[in-house]
Every structure is written in structure tokens, then in C-alpha cells.
Amino acid sequence: MATKPFAIVAGVGPGTGASIARKFTQAYSVVVLARNPSNYNSVVNEINSSGGQALGISADVSDSASVKTAFEKIAQQHKDTPLAAAVFNSGGGFVRKPFLELTEEEFANGFKSQGIGAFNFAKSTLPLLQKATGLQYPPTLIFTGATASVKGSANFSAFASGKFALRALAQSLAREFGPKGVHVSHVIIDGVIDIPRTKEWANEHPDGKLDPDAIADAYWHLHTQPRTTFGFELDLRPYVEKW
Amino acid sequence: MATKPFAIVAGVGPGTGASIARKFTQAYSVVVLARNPSNYNSVVNEINSSGGQALGISADVSDSASVKTAFEKIAQQHKDTPLAAAVFNSGGGFVRKPFLELTEEEFANGFKSQGIGAFNFAKSTLPLLQKATGLQYPPTLIFTGATASVKGSANFSAFASGKFALRALAQSLAREFGPKGVHVSHVIIDGVIDIPRTKEWANEHPDGKLDPDAIADAYWHLHTQPRTTFGFELDLRPYVEKW
Amino acid sequence: MATKPFAIVAGVGPGTGASIARKFTQAYSVVVLARNPSNYNSVVNEINSSGGQALGISADVSDSASVKTAFEKIAQQHKDTPLAAAVFNSGGGFVRKPFLELTEEEFANGFKSQGIGAFNFAKSTLPLLQKATGLQYPPTLIFTGATASVKGSANFSAFASGKFALRALAQSLAREFGPKGVHVSHVIIDGVIDIPRTKEWANEHPDGKLDPDAIADAYWHLHTQPRTTFGFELDLRPYVEKW
Amino acid sequence: MATKPFAIVAGVGPGTGASIARKFTQAYSVVVLARNPSNYNSVVNEINSSGGQALGISADVSDSASVKTAFEKIAQQHKDTPLAAAVFNSGGGFVRKPFLELTEEEFANGFKSQGIGAFNFAKSTLPLLQKATGLQYPPTLIFTGATASVKGSANFSAFASGKFALRALAQSLAREFGPKGVHVSHVIIDGVIDIPRTKEWANEHPDGKLDPDAIADAYWHLHTQPRTTFGFELDLRPYVEKW
């Protein structure tokens, strides 16, 4: 099977996740996780047919049993290869509603998708990252944040609670695993990402949406930082974004 | 039954919650919630025997069915009296452990106690606060935060995730319900509180722990602010605290 | 001469400063500082004619010689009375301009008014606060901040630089002098204050501007906190404010 | 003279500034500014003798007359070449002292070095960055921050006031000039940098100091971001740093 180091990207659709997979496949074989294979089939095929190595596994990272099954498959495929990087990019949990109309399930889903999902992913990847040897760059765990990671807006309490919780987790892990040599980062995506679903969203400015390939470049840059110089948090937004 | 406005305090033990109940009972009748009656019996008796009005209800705010039952009792007792203030002061969800030893249940419990608990409490109190009339001060909803509300430390990911989520909720609600006239605040308690359980904790400095009565004074001050001048966030710590 | 403790308020005009002076005069004699006596004459007369004690001194707190002269006068008037509280509320340094049109003098003036002004005021008041005895509440030094204390907006670089610097100073002093028993606080005023100058500013909402008397109540509350429970930072805004 | 785009680095000594100059010289000719030529002579010679183009100019960026003279020289040398990037990396203004021992001059020097220095540098470079054409990457202005940019510690009020002010300026400029296509960033250097002066500083951990070359890589990465995806703030620290 694969002999070069590998990376895992959780939350791969047509946008940021696919771009990160493509970017990291230039150095590593890549495992991509998504609930629905239709989300990753296209990028997996594209990578494999252009000389890279990609494996798609269907998994719901907010469900620990599903994560366990997925990482058993990963262990089989990558038993002798080190894990170089893991990226938590799962979406889900987003709902925009007046608070009094929000159900407990909708509110909890923000945390389930972002908090529990990230917990499960970190629990499964940190042991692999810690034991990885022979890597060119320090093993890296990156979490994707959002505007809602640092601001709780009206009607956004469910998603903001999930994203705030994810940021708390990222900070805690950076402080615990940094000294152990694992680079933990948190990237705040502050704006609309330019993906098929948002193509028709009105934007008065050219280039007014975040480019997923440029986001992937930032993740790659963070990954390549030596342990002398770990970046923890970076906020990315289009030049015209109000903030 | 009661004719003066009432206040609800969720999370009443021997410390902050009891002090808040005592403070608010000077103007209101008070309902206190805790899972275990042994937590509130003492302060309820003390208030009632000294001329105030207090009612203890056993409830687990992280359990929506339990909250529903509690608020049905509250509705019976206070059907014609306005709710002047509600304070979410529930503890729970605290665990300090290396991340890889943390179970999913322990991690989720931080959010369940702080996030879901606060969600249930806000869902039940905001409609009452919004419809309250004849109050001297704007109706008020205050959440108790902690150091872990703004900093995710090593080994604290569960509690920090819960407290970050709670802060996200508080911000969202302040932005949504402030313009509707409900004052939503978040108080960051940064230090050890001086309660029986912490009496013997070493502290090299006199007065080195937070006084729950002084915390209660701060909550009362926030409650008395007019809508022209709502305070959202206040951090409280002993004079010798490192921060 | 004065026998009760005294307070000093720097930056007294028709708004927050005058309200703070009025509030603190209920317990203390008050010294108010402003560049122009026309700014404080009215409140000084009002306090003195209603049974309080107020002394106005003309001083430019951004000018150390002027501050020195003012504190010599204060020392004469209050040689045997302890300083209970000092409030830095100086305005000045505000300019709103595209960056490339901003002169160095305009930019520096933000820091001169807010940074140097606060430095001079702290240098003169902290020794008095530290040696004060017989006070009911811990000696207190409060700085007035603004939206620009935590956000650098387009066209606001001069004022934001001054207000950020002031907040840095407040944090530094809280960490240095808190353990010595002096309570240092920073209040963020986030919104338009309701004063004569802003009366005609359009505001679609009733009560949409900050009430200076309510601001003063918050300062007084901070001052009364015991050293077990020092509040450092509080943000105040009208209920309808966007933030 | 030079035909490829150029970059300007203000504040070049044996550490970060020299590394940034070396990094950017791979694509650009570089102008380095420092008060004392002995600070930049070595890196200028090194770059020029290895095929790059570097020009050292003696300037004190906190002195507008000195900056004016320097930029007249720059204009002569680069009249037909676009300015691709400008980095403000000036040190100075650091002092660690109990507040009551701090002179006004020492306090003001923090702002003079960091605030006025950055103001002068931004005033001189932004017009050049705005008019630059034919660049591969958006024109970029990066400011170097520090731990003291976000935390005012005891005995650090002078430096923290300067660094807070610098961050306010950076935020203001990012919000004003981002929409005009200029990328403005702020990098928080949180830790000791590994330079000759700090070589002997005790550090119990290998690789426990920031590598200036890795810092330079981060600056270069920020510079290469497209306008769809501008990073504003990145914090860098050694893996073992407490934060």
C-alpha cells in the first residue's frame, strides 16, 4: 500500500475540503472522509487519475461508531505509513433562526457537528500524529473555524455555540499537544467561500468570495511551519469583506 | 400567591447561587433550581424565615423534561407576577484530564451542562422576561462564565468547550433580545470562589478568593441598569489573581 | 478643609464626567479637572450649592507640567484626606479621516490625549491611592474606553491607536497594582452618549443613547467592589446598539 | 536600476528583518531601513554578493524628516518599478519597569517607535502600494506585533501601549485599504526569537525559540495570498511556549 506519509481530511465536498485534499496530495497520499460518497467521489477520482493517491471513506465524524469503523479501514491501508496531517473541515450544524423557534435538537446539532465531530476526529488522529516518524514537517492538526467562532450573532446561537466550542477544543489541544511536537491550528474563514452552491449568490465585487484553493494554500503553509514557529490562528477573508 | 415580581436562579449551592438568591430576594420573591434539594434547602429556609419569599424546585436544567416540569410549577406559583430576572449559574461539566483519557461522554457533558442547560433555561425564561410588565428595571438574563469561557487550557477541553458555547449563546441572545428590551449579560468569574468546599484550598494571600456576596452585588448592579446603558460582559477576579 | 475622602475626575464636560462627579460626591469631596473651566464650572457650582464639595482645577492632563501644577493644588487642598477614587475620562484625540489625509500631528494627538493623558493621570494618582487609608472601599482607578478601544475601524486609526494604548495601560496597571490593593478598571463605552451635543443626532429608537448617569452608576459599582472581587472590564451600550 | 518589483523592510537587524529581506529578495529587489548601517550592512552585502539586489538606507522611521529623506532616495532608485511589499518590523520602545519608575519619555517612546514609526512607514508606502501595477501578488503591508500587542502585563505598559496602538493602526488600515486591493496584515510574534543576542538566554527546550527564517516564510506566505483570501492576523510561537 502507500509508502509515503498520508493526510486525512474530514469534511470534503466541492469546496475547501476538496482543495485541501488536492493540495496535500502533492506530498502525501490522502484519505478523505464525508458522510456521503457523492461528496468525495469526484475529487478522489480526480486525484487518483492524475497520479496522486486518494482514498474516500464514508463516515459521520459526529458518530463515534462511524469514526471507529473509518479509522479501522485507515489503519489497514496505512499500517506502516506515518500520518503527517489531519484536517477537520466538517460542515453541518448550521441553522439560522430566531432563538425561540430553535429546537433543542437544532441547537445541540451545532455542538454535535462541530464539537463532538472534532472531538472524535482529534481522538482518532492525535495518537497517529504523535507516533509519526520520518516526517519532513511536524505532524499537524488543523481545525476550520468561521466568523461564528468569535462572534455570536442574533439568530446564530446554534452554529456559534458549536464553533466557539470547536475553538475552545483547538486552543486546549494546541496547549497540550504543542509541547509534544504536534502542531495544532485553527483557521477562521470569515466570508462566503466560492463554491458551486454559492456561485449565484449576489456579490457586487469581483473576487468577493474566498477561493478554496487559496484557503488550502494557507493550511499547507501552516503545516510546513517548523516547531520553532507554530502558527495557531489565522483569519482569512475576501479583501472587500466587512469585519 | 406572590404579588411582587420574581427572579429565578438556576444552579444554587452553598456559593454564588445562594448569594444571588439572597441578594435578589431583597426586591423579589425568588425561585431557586438545583438538581438536589439539599443544595437549596438551606438558603430557601433562611430566606423564608427572615421575611423573604423563596421557593426551591428540584430540576436538572440540562434535561428538557425536567425543566418543563419545573416551569409548570413556576407558572402555577407565579401566574400573575412578572419575571424580573433570571440567572443561569449551573455548574457541572467540569473535568480536568489529558485529552486522550477523556471519554466522549465526559467531553459532551461540558456542553450538556453549560450549553444545553443554558439553552433550556433561556428558552423557558425569555418568553416570561419578554412579557413582563410593571418592572422597576429591565428584565434581565445573566449567565455565569469562567476563566474557561475565554481560554482553552491544556486538559480543560470539555469544560472550556461548554463555557465557550455558553458565551456564544449569551452573545447571540444579547444581540437578539437586547433590542427587544431584555438585558442579557455574561459574567466571567476568573478565580476560586470562597465557599465551604474551597475553604481549605491553600491560598497564600488574605482575601485571595472571590466573595460570592460580592459576585451577587455585581449581578444585581447589572440587573438595575436601564436599557440606555446595558452592560454585556464583566470579568471578576481576586486582586491577587494572575491573568 | 475637606475631611472626608476625595475623588478626582479628569475630563469633565456636560456628560459622563459631570455625572461621575455628581455620583461620587455623594460619598466624597470631588476634584474635577478639565482644560477649560467652562467645562466644569456648572457642575462644580451645582454640587457645592447642593451641599456637596467640589473643586474645579483647570488642567491639560496630556501636559505633564499642567498636571504637576494641578496636583500641587490638590495636595494643598487634600493634604490630610485620602484619595478614594480617580477616574480618567478625558476626551480628545478624536479625528475621522482617510488615512492618507491624516497628519502626523493628528495621528499623534490620539495617543497624546488618551495615552500620555492617562499616563500622567496614573502617575499622579497611583501614589495617592496606594497610601490612602481608612477607606470604605478599595482605592480605585478607572479608565474610560470606547468602541475604538477594541476595534480599529477604517478612518479611525488615530483615535483607535490612542484608545488601544489606553487599554494596554489599564491592563498593565491592573496587573501591577491589583496585587497592591488598588482596583484598576477599564469601561468600554460602546455607543453615543446622551449629552447636549448629541441631542439632535438622529436616533430612530427611544432611549437609543447611553445615559451618563447610568454610566456613573456603573463606575460607582466598580468602585465599591471588595478586593476579593475586582471587576476589570465592562462594556456598556444602548439596548439597540449594533455590535 | 532595478526592473523587477521591490520590497521595503523597515527594522533590519540580525534577526527577523534580515530573514525577511533574504526571503523577499528571491523575487524582488529589496530596500532595507535601519537607523544604524551596521544593522543592515551585513545582510545587504550578503544579498548583493549572492546575486540578489539589496539597498540599505539609514533612517529612523519614528522621525518623519528622516523617513522623507529615505523615501526620496527610494524614489530615485525605484522610479519605474512597482512596490510589491512593505514590512514594518521596527523594534524600539521596549522598557520593563515598575510603572512609578517609568518616565514620560520612556512611556512615550513605546508609541513613538511603534505607533509613529508605523504611521510614517504606512504613509510613505501605501501610496506606492496602491499605484503598483503588474505585480504577481497583491501589494502587501505587514506589521510585526508581539505578545504585548494583545496583553498589557505588569511593568510593560510602555511597550504594550506602543504595540496595542500599532495593532489598532493595522486593523484600521486593513479595513480601509483591503477594499482598495492592498493586503494589510499583522503578525503576533509570541516568544523569544533565536538571534545572536538571545543565543545564551536559557531555554530548557531544544528549538524553544522562534526561527527568524520561519517567521519570514510566514510573511512571504501572507504576501502571496490572492485578494479573495487575505489573512489579517497570525500568531506565531515556539511549540513549548506557554500562552
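By written order: A, B, C and D. Residues from 1 in each chain.
In the analysis below, a contact is a pair of C-beta atoms (placed from the backbone, for glycine too) under 8 Å apart; a residue touches a chain by one contact, two chains touch by 3 or more.
To keep track of the chains, here are their UniProt names: A, B, C, D = Oxidoreductase.
What you are looking at is a predicted structure, and each value in this text was computed from that prediction instead of being measured.
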{"item": "Chain pair among A-B, B-C or A-D whose interface repeats that of C-D, sharing over half of the contact pairs by residue number", "value": "A-B"}
{"item": "Chain at maximum distance from chain D, centres defined as averaged CA atoms", "value": "B"}
{"item": "Rounded Å distance between chain A and chain B, as computed from the means of their C-alpha atoms", "value": "34"}
{"item": "Distance between chain centroids, defined by C-alpha means - chain B, chain C (Å)", "value": "31"}
{"item": "Length of the line joining the C-alpha centres of chain A and chain C, rounded to whole Å", "value": "46"}
{"item": "Sites on chain D at which at least two other chains make contact", "value": "175"}
{"item": "Graph class of chain-chain contacts, one of line, ring, star, complete, other", "value": "ring"}
{"item": "Complex interface listing, chain D residues touching chain A", "value": "138, 175, 178-179, 181, 183, 194, 205, 207-211, 214-215, 217-218, 221, 224-241, 243"}
{"item": "Complex contacts: residues of chain B adjacent to chain A", "value": "64, 98-100, 102, 104, 107-108, 111, 115-116, 119-120, 122-123, 126-127, 148, 151-157, 160-173, 175-177"}
